[in-house]
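What follows is a group of structures, each given as structure tokens.
One chain, subunit A, appears in both complexes that follow, with subunit B as partner in the first and subunit C in the second.
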Partner chain A sequence: MTPAGAGQASGASLAELADILLLRSGVNAANVLLGATLLGCAAGLVGAFALLRKRSLMTDALAHATLPGICAAFLIADSVGLAAKSLPILLAGAAATGVLGVLAVQLIVGRTRVREDAAIGIVLSVFFGAGVVLLSAIPRLTPTPSGGLNSFIYGQAAALQRGEVVLIGAIGAGVLGATALLLKPLALVSFNDAFAQSLGWPVRWIDLALMALVVLVTIAGLQSVGLIMIVALLIIPPAAARFWTDRLWRMLLASAVIGGLSGYAGATLSAAAPNKPAGAVIVLTAGALFGASMLLAPRRGVAAEGLRRLALHLRVAGDHMLEALHDAAPDHPRGLPLAALARARGLSALHARPVLAVLRARALVSRSGGLFVLTARGRAEGARVSRNHRLWAEYLVTHAEVARTHVDWSADQVEHVLSEELVAALEQSIHSRGGTRLPGATP
Partner chain B sequence: MSGGAQAFLMLDLMPLSAAVLAALGCGLLGNFLVLRRQSLLGDAISHSVLPGIVVAFLVTGSRSPAVMLPGAAGAGLLSVLLTDLVRRIGRVEPGAAMGVVFSLFFAAGVYLMQQAARNVDLDADCVLYGQLETLFWTRPSGAGLLSAATLASVPRQVTTLVIVAACAVGFIALLYKELRLTSFDPDLATSLGFRAGWVGAMLLALVAAATVASFEAVGSILVVAMLICPAATARLLTDRMDRQLVLSGLIAGATAAAGYFAGTRLPGALGLPGAVNAAGAIAVVAGLAFALAAVASPSHGIVARALRRQALSRRIAVEDLLGALYRRAEAGPGAAPLAARLLRAAPLARRLGLVAGAPAQTPSLTEKGETAARAIVRRHRLWEAYLVERAGMLPDHVHEPAEALEHVLDAESPGLGLDPLPVVDPQGKRIPGDGGAPPGQARSKPS
Partner chain C sequence: MSRTREDAPARGAGGGIAPAQARSVLDARPEHSADNPLSVHAMTVAYQRKPVLWDVDFDAPAGSLVAIVGPNGAGKSTFIKACLELIPRASGRVEFWGEPYRRARRRIGYVPQRESVDWDFPVSALDVAAMGRYGMIGWFRPVSRAHKRAALGCLERVGLGALAHRQISQLSGGQQQRVFLARALAQEADLYFMDEPFAGVDAATERAIVDLLRQLRSQGKTVICVHHDLQTVGEYFDHVLLLNMRVVAAGPAAATLTNENLQKTYGGRLTLLAEASEAVARAERGP
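On to the complex of A and B.
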């Protein structure tokens, strides 16, 4: 494709894109969008429970296991004279062997010493192998054209069509309804299955119901997304949602929203450019949302996590600097140079510079003539840190029976996180035992 | 040379060799993946190579393997690194992290392939199913079997697989001790000074290499099957690592050959036209071999375990009956009748010559049964004594545990510290003596 051609194509599609996004381009496109969105929502919701139950890769075995069912259903329907490519028939076959695959995994794990990962791999490859054998045999067994069965593996090559979407949407809506009904037991089992068992919930059956929902989502997505990538719709939205929250309900909601958004945006994009594979576009959209969540989510995202760590690190290193300045104050009333400070805390000068800059910005340290000296606030703060250090060291020696030579390092770690109540209690305890005098102790 | 043999050499020898070699390399390496619970790594890598192939093609415009294989290997390695990143930095559960990354890679591959397909036919199918059937061999006529011309005419895929299989065998032979130790107990291995991380990384690299080298000839479906099925099958047959390795190699080779012939010959033998996909057929045969081992393995099979469990429960039932009869005789006349549960073992005990009497009556102990019953009751009461004296349990809480222990564990081992052995149990009942000694009189009274 030439760059000019590419520019033209995207230029033409922008207006179309807006039309499709706003459901203005006709009933057909609106239906497609609705179907893809419902599928995404359902997959996100069900997948969230699968993720929490650590069944994510089980869905992979299940999805691969649908292939022989599709082929067998095609052959059987063809031999009894039904329309062999009728979607409901093929999906019924897919569901049958999908369930069989799940049962096979559970049988292998329950009855042999083979562990779950290997059991999943065995079922996945053997069932898929059987499907491949059937697929290669079909053209020789029947003259009925079987082209298009491939799309169950790789997903739809082009934009979704309306007829296919009605079934997808119906299954998606059904799954959403069933999940809503089962919300409480599913949540309980995902959170603490032993507790659920002790309350008398039939955990085994709830798990089976979850797998049944996964089967439904899988067969709903088979035609559009394909059996290899449907796993993506079940795994990626909940994994992305997990970054945003620690609360179950919010995670379920976020997962459903991310799934729905992927379906919606993916279907839109592929409708704007009809030769883009719809399934792959939906999955890639979900992947983009996952990447954004992983990086940017405020709770558990990588950026937020990094900032929090940086802040903590600066505070800890700053406390150490204050402590060093405070302890050195009697001998060096005019302050210390950067190099000496860095050496006192084992930091490089490069490392110490930003730490001191933060302290100066907080007006705890001032600089005069290349020497750093504590301000009045800094002196109070330094005394506090130094006192915490010695209190904790004292506590370790007197209460935890740690040797006096071993307490310094531990106290360095803990001194920053002592609460005021704890400090008061420590002071009380050490005073009552006639302990050493500590700096800045309030009478 | 007959026409049949000629046809075999030309049509079948190379595909067969490719299948067996790929199976051997993957099958041997798979042992360690299965042990490390990383079975699905091969699956993830083999899905992830797709975008690498397409990108390599799009960038260079060439379909030569010199371009495709590095592209595939790069994508596979990248997916492994990304999975690790998502797992560690994103703190996503390992299985889910793997699922996220490989499905995204596959989607990218499908998308790119769709874009590339307008220019040239690039077949996604061959990534999944391989192209075993296309490996013809035209042997130069007149050349010796090991001559340079003959060797040069071997298809490149087969040569690659020979190298990969040799690497796998060499790697395992050289690092067997390290691999075994780090797979079973990475912490111990690290504390002993082995570089568990390095061994793991090397294994990973070799699995990636085997995956990439194999998928071209046999398809990723067969790679995944061969990484897991032979190892899992061998694991059901033996408890020893060295035997498992040898067995898995044999199983891998045998299933590959059997699957190849099943795929190419069976349909014809059944009167159906043509052949079916050989890679798929091999995967199915590997699955059947696993199923056979799962059901019928003499040590870990479902049937053998069920039989062992049944034998154990029968022995326990007979021993319970003998114990009850002994206690009843001890209690003297007027003792309560035996529970129906206990009497269910009577026919078996009668067959074994341990009890006598008409089927309708309460059985009575034979001489042989008396000896056995005395041993059972002795073990039971010794265990009760142990649980009270040494384990500090209350006398009225020890019957149930002793009831379970008496069938499986000897109470007289010196390790238990019952010395001298007591002569009465915590309830004050006499502990029958062993062998012919008059019960409870051969030893001194306990304190």
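On to the complex of A and C.
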């Protein structure tokens, strides 16, 4: 292929992608997009409460437990002469065994000493196993073609029909309305169930309502995302949303948006590259959004946290350098070389170099002829840190009866964080016990 | 009015008492009055059928600060939770101003242990304080501006007005405890149950809580606190309930906090009581 040809091909597929993104490429693709987006929003919203109520894993047991219900519903409907593959019948069966699975977990936890995580693992795998056995037995039990039942396991968004999208849409709208209505009860029970109960609120019923919403979202997502991966759509968006905000309603909104985006983008990508299972792509999209949130979110994100830690580390190490230079000044008026400074604080030269660079940038330290020396501002700062160190050491010795030989490490930690008020209180306290008055006391 | 009880004869845990009989027993107690904010009669509480509190009788006088004191595992939190029907009672009766909890709920506030919730929950101090108003607001209506103002007022009373919009995980332990107190204040109750409000708080918070308790008392309210610090219990509280699986003693603080009573409370369980509890639990588990 010539480079020009390659360019053309990618240009064409970009245009195609744009068509799909803008709902222009046929009724069915639009159905899929709409359905996946609505599903993502609803799952994000309900999943947020499941996460806050610490029931996220329970939703996984629920989802896996739907498989035997789908198969049983197919068999029962077939034996009584109904259209066995009608979606409402299959979803009703799914909901029934899904709820049964949740009840089984609660029964095991309530009546035995098996812990919840183990109970979830047991129920999840046993129900799923039962479903797989049923699925493989169906062709021998009935001549009715059962092809397509196994698509509920991994999902098949591309096959969504208009009626099914309407169903998902109705469920999504219902879930949205119910969550909005139950916002206060759900929030209160999730935060502090004992307090909610003391107010006379029926905690069990509120929990049941939340589980019912999870059931609805799960069966709505069976077709497109599949029962193995629907749990991701319930957990990942709220977990990602939590990174961005500390307010409940913003978290709910962000979770719905992230869920919707995942559904939308996942369905688009899988439409552009046919034969890719949409469910997996939706989940991977959600995963990518989670990764981005985890890394980049301000304040709670990993990067922000790392930067904060680095800044603190540089400040602490810088304070130590200033202290070392200050304490060495009488013997070394012309300053110290890098190696000696690093050695004084137990740092490698590689480590000490950036610390000193920051101090020079802050005009606390200057360098002449390979020797580092404090500037006027650096001398004041070094004196302050050094004094804080000795104050705290003195306090530990006089008030906490710590041996003088043991106080250095803790003083190294504390000297950076003493506020002016604390310093004043320390001076007062040490003085009143007849401790040594340190020079340079604040008047 | 101090009342010291020996090991009470154990009534059948599941049996319950006929109401008529119970009333006559209750009326015979000099400290009992239908006006008392809290009146507990013959309450036995069991976890998984293992009794942890036996036959508790207790009356809290109106307008008093009551401390529940006892060693670990004495059933202090259990006492509060059973009164509030957060855990089931095996037997016995609890009345608030002569009425069952269900009818008196609006007049009762609750401060759970601080460790009982996840403080990383995405809400602000004001949101938590406003939860105290939820009983008045109802299920479906949003929190009105008036209720928010009331909640803010409660935060100001515990000295947290400036931190109202801070997320609760960014508060210190003592501040979190005060948020819980503000939420209880927002309930505008007449009787408060507080589960270890002084546990692990800083000196400033301890002073703030003591001031608050005294304010509540001067308004005629009753506060029942689980309290751990024997050094301060006599100073902070008027009444004391000494608990160790059963009521050891109850009454005015000065008269009740005798060496003999404390010795009885902390000097070890009544061995037979503990053994009987174990036996009940064993019978349930099977051989």
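Basically, the second predicted complex is superposed on the first by the 408 of 443 C-alpha atoms of A that agree within 3 Å, B and C clash if a C-alpha of one lies under 4 Å from a C-alpha of the other, contacts with A are read in each partner's own complex, and residues count from 1 in each chain.
Everything below uses one rule, namely that a contact is a pair of C-beta atoms (placed from the backbone, for glycine too) under 8 Å apart; a residue touches a chain by one contact, two chains touch by 3 or more.
No experiment lies behind these values; they were computed from the predicted model shown.
Engineer: Which term applies to subunit B and subunit C once both are placed on subunit A by superposition, clash or fit?
Structural biologist: On the shared subunit A, the partners clash.
Engineer: With the two complexes superposed on chain A, say which partner A:A187 touches: subunit B (first), subunit C (second), both, or neither.
Structural biologist: Only subunit C; A:A187 stays clear of subunit B.
Engineer: Tell me which partner A:V80 touches in the superposition: subunit B (first), subunit C (second), both or neither.
Structural biologist: After superposing on A, A:V80 lies clear of both subunit B and subunit C.
Engineer: Which of the two partners, first being subunit B and second being subunit C, lies in contact with A:A403: first, second, both, or neither?
Structural biologist: A:A403 sits against neither subunit B nor subunit C.
Engineer: Between subunit B (first) and subunit C (second), which, if any, makes contact with A:R242: first, second, both or neither?
Structural biologist: After superposition on chain A, A:R242 lies in contact with both partners, subunit B and subunit C.
Engineer: Look at A:M251 in the shared chain and tell me whether it touches subunit B only, subunit C only, both, or neither; answer first, second, both or neither.
Structural biologist: It touches subunit C, and subunit B stays clear.
Engineer: Please tell me which partner, subunit B or subunit C, touches more residues of subunit A.
Structural biologist: Higher number of touched subunit A residues: B.
Engineer: After lining up the shared chain so the two structures overlap, which partner does A:A361 touch, if you call subunit B first and subunit C second: first, second, both or neither?
Structural biologist: So A:A361 meets neither subunit B nor subunit C here.
Engineer: Would you check which partner chain A:L199 touches, where first means subunit B only, second means subunit C only, and both and neither mean what they say?
Structural biologist: Touch partner of A:L199: subunit C, not subunit B.
Engineer: Does subunit B (first) or subunit C (second) touch A:S136, or do both, or does neither?
Structural biologist: A:S136: touches subunit B, not subunit C.
Engineer: Considering only the stretches 6-14, 114-122, 222-230 or 402-410 of subunit B, report the one that runs into subunit C.
Structural biologist: Stretch flagged for C-alpha clashes with subunit C: 402-410.
Engineer: Do any residues of subunit A touch both subunit B and subunit C, and if so, which are they?
Structural biologist: Touching subunit B in the first complex and subunit C in the second, residues 54, 242 of subunit A appear in both lists.
Engineer: Of all residues in subunit A, which touch subunit B in the complex?
Structural biologist: Residue positions touching the partner: 1, 51, 54, 56-57, 59-60, 108, 111-115, 117-122, 124-137, 140-141, 150, 153-155, 157, 226, 228-229, 231-232, 235-236, 238-239, 242-243, 275-277, 279-281, 283-284, 287, 290, 294, 300, 302.
Engineer: Sort out for me which residues of subunit B touch subunit A in the complex.
Structural biologist: Answer in residue numbers: 34, 37-40, 42-43, 47, 86, 89-93, 95-100, 103-104, 106-108, 110-111, 114-115, 118, 124-125, 128-129, 221-222, 224-225, 227-229, 231-232, 235-236, 263, 267, 272-274, 276-277, 279-284, 286-287, 290, 294, 300, 302.
Engineer: Quick check: in the complex, which residue numbers of subunit A touch subunit C?
Structural biologist: Subunit A residues touching subunit C: 52, 54, 181-182, 184-185, 187-188, 190-192, 194-195, 197-201, 242, 245-248, 250-251.
Engineer: Any idea which subunit C residues touch subunit A in the complex?
Structural biologist: Subunit C residues touching subunit A: 81, 84-86, 102, 105, 108, 110, 112, 116-118, 121-124, 127-128, 131, 134-135, 137, 139-140, 142-143, 167, 169, 183.
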